[in-house]
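Here chain A shows up in two complexes: once beside chain B, once beside chain C.
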Partner chain A sequence: MKTSTKGFRLPYLLTLPITLVIIALVIYPSVYIFYLSFQSSVAGVKNLAFVGLKNFVQVFSSSVFLISVKNTFIFALGSVGISFVLGLGIAYLLDNIEKGKSFFRIGFILPLAVAPVVAGLTWNMMLNPLYGIINYLLKFVGIEGLQWATHTDTALLTVMLIEVWQWNPFVMLIIYAGFQVLPKEPLEAAMIDGASSWQSFIYVSLPLLKPAIIIAVIFRLTDAFKSFDVIYTITRGGPGYASTTLVIRAYLEAFQFHVLEHAAVFGIVMLIISLIISKQAIKFLPK
Partner chain B sequence: MGKMSQNRTKKIQGGSILKYSILTVFLILTLFPIFWMVIQSLKTISDAIAIPPKLIFHPTLSNYQNVLGKMGFIAAFRDSLLVGFGGVVLALLVGAPFGYCLARFRYRGKEDVAFFVLSTRMMPPIVVIIPLLQVFHCLKIIDSHLGLIIASILVNLALVVWLSRVFFASVPLELEEAATLDGCSHLGAFMRVTLPLSAPGLVTVAILSFLFCWNEFIFALTLTSFNVKTLPVYLATTFVGYYAVDWSSLSAAGILAILPTIVFLLLAQKHLVKGLTFGALD
Partner chain C sequence: MRKHFLILVMMVLVGCFVFQSISALAVPLPEEAKINWRRFEGQTINVLFCRHPWQETVEPFIPDFEKLTGIKVKIAALPEKEFLTKVPADLTAGTFAFDVFMTQYYDAPQYALEEWTAPLGRYILDPELTDLDWYDWTDFFPGAQKIATAGNTYEDRVAITAEVQSLIYRKDILANLGLTVPETFDELLETGNMISEQTGKSGVVLRGHTTLWWPLYGVVRSYGGDYLNADAQPVVNSPETVAAVKMWSDLMKNAPPGVTGFCWEEIVNATVAGETAMFLDSSGLYSSLLLRGLSKDKAGIAPFPAGPAGIIPHAHMWSISISSISQKKPLAWLFIQWATSKEIQFKQALSGKTLTPRISVLSDPEVIAKNPEIVYTVSQGLKAGVLSRPHLKFWKLMDPFARSLQEVILGKKEVEPTLDEVQKVWENILK
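Up next, the complex of A and B:
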């Protein structure tokens, strides 16, 4: 009798700290941001004045809002898409070699240890159009160098490629783990039936890898969606609005232009998008 | 028959040469930025921005001396250590008990909390930063280690909960029950059986959390300024002047800043595969 009541209370006791943290760091801030988005902070955050939907109208009708939504989706979907193809390819090759597996695996995951700020600064140095090593090496093999982060056409692509470099190891590692636990029988059966290695990869391995792929893609997508460090260190959203994403714009609204209520509107838009993604994501995660 | 199998071996060899070549090319692309950072850190300021880039030069360690001689770098290193350790301890204290609950108990509300835990990972930083700035002002913990540590819970909470759940769940329930039958309390059984058995996994969680705290940027940039300046903020602001960037010192500082995390990642990488897949692929 005694243990059963204990068994009832203990889980709630252990859940208490995390519940308090969620209230303080998730629920309270979300409610406050929602409240703030209907106010004007012209007279300071202590003297807020209700302005109705004015902030939403102002933000939604500005061209930079649409550009940042577009850039955020291009950045997130693009970098995760490239990571997915590269990560899957490298994991497949890694699984199919005999010797040196752990050597290659350790080599491939090293970018995970590099702080995104350091990654951003280093790539910025390498991609400098004048004295950077990348354009020099490209010229060596006969390719005309790009302006990279300094040109409106290539700035977003540049920060996407750095994001891919930094986080590709994460995707690769999870899919590689998926390869490790693939059952052997379906692949052998496909071989006996005369399937080529490409066919057995597409029709046998890939469907079996689905859980690993879903985990990798969901986690990358949510992270890429709010990725800040690399864009901030290299372009701060520029040139112009070329690499401005929702996070970058929200940061600039709050800390450069000091219009907190506009930052709040950006925050709410992001909150809604991330809620939609989490609702979908939780269905796929293991219980 | 013999000829066929010979052909086959040749084909397989050819295939594996191709595989190794592709992997090697991608490995070089992956490691090149780190390699180039090391190279640049050994150049003088003018060599580092020479046109065309210098591949042959007189290596010097003076940049490392320069960086390590700066009070700012040492202070930033100390701040990063403090925030990293504080962040790990706090995230573990808050998250691991719930990870244990997820692995062991069935009770109402569990799934709801689990959903919110996932949402901590997806919170847009700006939504947290603006309210926290005001709360921290009131509590007088703005620009302090404590404030940054509290915010950094958000960075690691989901990771700690989901990973510790995996590692707790991998300890057989029967062992814990046997200890309870032998007269241990629930807490005693946990301390004597479950904790030691899941310790390697928890250490991995701690190492990974430390890595993410160490690299965290946006909270450090906004919630701290003068008193506390962690390495990412220090690096992003110090060597970047208005007209020029001191690339060689910056590279040296960057190398010094990523050394601890590279060591930690190498220590944790064996458990990483299991942890990153949240046990789904066991």
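Up next, the complex of A and C:
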């Protein structure tokens, strides 16, 4: 009886340290954010007062909120979509080239090694409309005056492309790994049946790559929804609200405007979006 | 105005030779203060600075303070963006580990509400800690004295810098085109347009970044407008403010491409590179031009242009405060008293990198001789200069204002409807 009790308690004891860490670093902050979202800090953070749903009403009725939600979805879906197409294409090419495979593989992975803040600052310099090298080079092919991150028409697209540059290698790596473990028999059978390279790729390789693609897309999508560094270092959500996303707005509410309760509401919205995506994504994961 | 300026400079230079030795003697030394500097000998205080010419110029003298008091000073300095994020975050969390730190007056209502800063009155009025005759509070410019209670708060800060919005320009570009320094906004626009047309570069620029509200405030006040009235109610769509923003918008048509990303650093870089000829911003940026290698032959500074309501530039002063959770407040006050004393502020001003808010320092012949143009401009500017009205929701108000005006710069919105829209947003925020 004693042994069985000991055996029953041991797993709990072993998981206790990590459980405490999770409570301290995940559960407590999440609960506190929910608590904060129903409070008002008008009389100071030390004198919070319960205000019911007032913060939610204020945030949801502001035009900035709707713009932030729209921009977040455009940014996340757009950058992941482009990353997927590019990643798949590059992985396919890498899998099929004969010479210089290692060289190109390392070359394509390099952006992953750059810290997002450094990437943001570097791209910011290169895209500077006045001194940047990109506009300087574009001038030679007759394109002039692009304002990139400093114009409302192009700011969101610019930060999306930088996000793609930084994280496309991640998608490419996972899909490339998927190519390495593809069974040869179905491809050989398709070839014997007279399928073209394109048909083999679309009807044989792609379905077989589905697990790798789903994992890459899910990881990137959850990450892109909360992407912060690149947007903050390059545009801070501007100009205007052109590149303001939920996470950027949450940061500004908390650390620039000192309205912690509004930041909490933005945080909760992001949490709900992440939960919905994760729940849907789990359905597609290989059983 | 230029004639007056030249006469003043001549008088000052002559006076400088005569009074140079006297002025050096006239600055009261810490040893002359009737307080026991060594009362807290052997103890340590932690000081947090924001990276700034004031911090750069005070740090070399801190060993003198340690020698004078026997107090050890541990210093940390952070870049501005990091500083402005870390300080409120740590203060909110209650983990702020510094006794003394730099503050900005816009935040005064927030800091007072949260009681993050200690009231200084009891230390200033304690004869054991302060020699009021030696410290001479009335020597601070009136605007600098007001900083102590900015936003109708308790006295929790002492001004350390004297910055005022000025016209900073490239002397060589104006001279090459035979242009004179503009004295009114209409002249500024005309001169800016001429430079842009004739050189293909930017004739004049102001910030287009989300901090654009800072230099715009001087324009608005010079046109008789304001952001908030004395009762803290928004008046951002008043006819005067609309006229000022229209002028600002016309001036910004001369700005270089990408101006919505231009904070003061970008403007300084563009001016040094000759991409822009004139800008309206803090007088401190004149020193930044010199520090980046532009010679005094090419860098010029002049008083703020006049608008229909007169010359009313925006003033700015960094300040220094004591953390309310500091266990060493008396020591911290000794440090502040020493750092803002006539002697230290005089030495800092002599470095030519920063100007300090004491009348005696800015009227000292030696300080004037070192940098006559900037001292004249700042002295004049501080007489008429105004501080924007601090408010608990200051940053929340400035954000939609600045972002909407960025769209005006890009030609996406018109001035008048935009300011009407901002007025409604502000009324909603202040409900």
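The rule we apply is simple: the second predicted complex is superposed on the first by the 264 of 287 C-alpha atoms of A that agree within 3 Å, B and C clash if a C-alpha of one lies under 4 Å from a C-alpha of the other, contacts with A are read in each partner's own complex, and residues count from 1 in each chain.
The definition used in the following text is that contacts are C-beta pairs under 8 Å (C-beta built on N, C-alpha and C of every residue); 3 or more make two chains touch, one makes a residue touch a chain.
The shown structure was predicted, so the numbers you read here are calculated from the model rather than taken from an experiment.
Check whether A:Leu271 is in contact with chain B, with chain C, with both or with neither, and answer first, second, both or neither.
first
Touch test for A:Arg236: chain B only (first), chain C only (second), both, or neither?
Only chain C is touched by A:Arg236; chain B is not.
Have a look and say if chain B or chain C is in touch with more residues of chain A.
B
Taking the superposition on A as described, I'd like to know which of chain B and chain C A:Gln256 touches: first, second, both or neither.
The answer is second: A:Gln256 touches chain C but not chain B.
A:Phe56 contacts which: chain B (first), chain C (second), both, neither?
After superposing on A, A:Phe56 lies clear of both chain B and chain C.
Tell me which partner A:Trp167 touches in the superposition: chain B (first), chain C (second), both or neither.
neither
In the overlay, answer first, second, both or neither for which of chain B and chain C A:Leu130 touches.
A:Leu130: touches chain B and chain C.
Is A:Thr152 touching anything from chain B or chain C once the two structures are fitted on A? First, second, both or neither.
Touch partner of A:Thr152: chain C, not chain B.
So, A:Val45: does it touch chain B (first), chain C (second), both, or neither?
After superposing on A, A:Val45 lies in contact with both chain B and chain C.
Do chain B and chain C land on any of the same chain A residues, and which?
Residues common to the chain A contacts of chain C and of chain B are 45, 130-131, 255, 260, listed in rising order.
Chain B touches which residues of chain A in the complex?
3, 6-8, 10-12, 14-15, 17-19, 21-22, 25-26, 28-30, 32-33, 36, 45, 86, 90, 93-94, 96-98, 100, 104-119, 121-123, 125-126, 130-133, 136, 165, 168-170, 173-174, 176-178, 180-181, 211-212, 215, 222, 225-226, 228-229, 232-233, 246-247, 250-251, 254-255, 260, 263-264, 266-268, 270-271, 274-275, 277-278, 281-282, 285-286
In their shared complex, at which residues does chain A touch chain C?
Checking each residue of chain A against chain C gives 43-46, 64, 124, 128-131, 145, 147-152, 235-236, 238-241, 252, 255-260.
Under the touch definition given earlier, write down the residues of chain B that touch chain A in their complex.
Those residues of chain B that touch chain A are 16, 19-20, 22-23, 26-27, 29-31, 33-34, 36-37, 40, 49-53, 93-95, 97-98, 100-101, 104-105, 107, 109-110, 113-132, 134, 150-151, 153-154, 157, 161, 180, 186, 211, 214-215, 217-218, 221-222, 231-233, 235-236, 240, 245, 247, 250-251, 254, 257-258, 261-262, 264-266, 269, 272-274, 276-282.
Hey, which residues of chain C end up touching chain A in the complex?
85, 88-89, 92, 110, 113-115, 208, 210, 256-261, 270, 273, 275, 393, 395-396, 399-400, 403-404, 406-407, 409-410, 412
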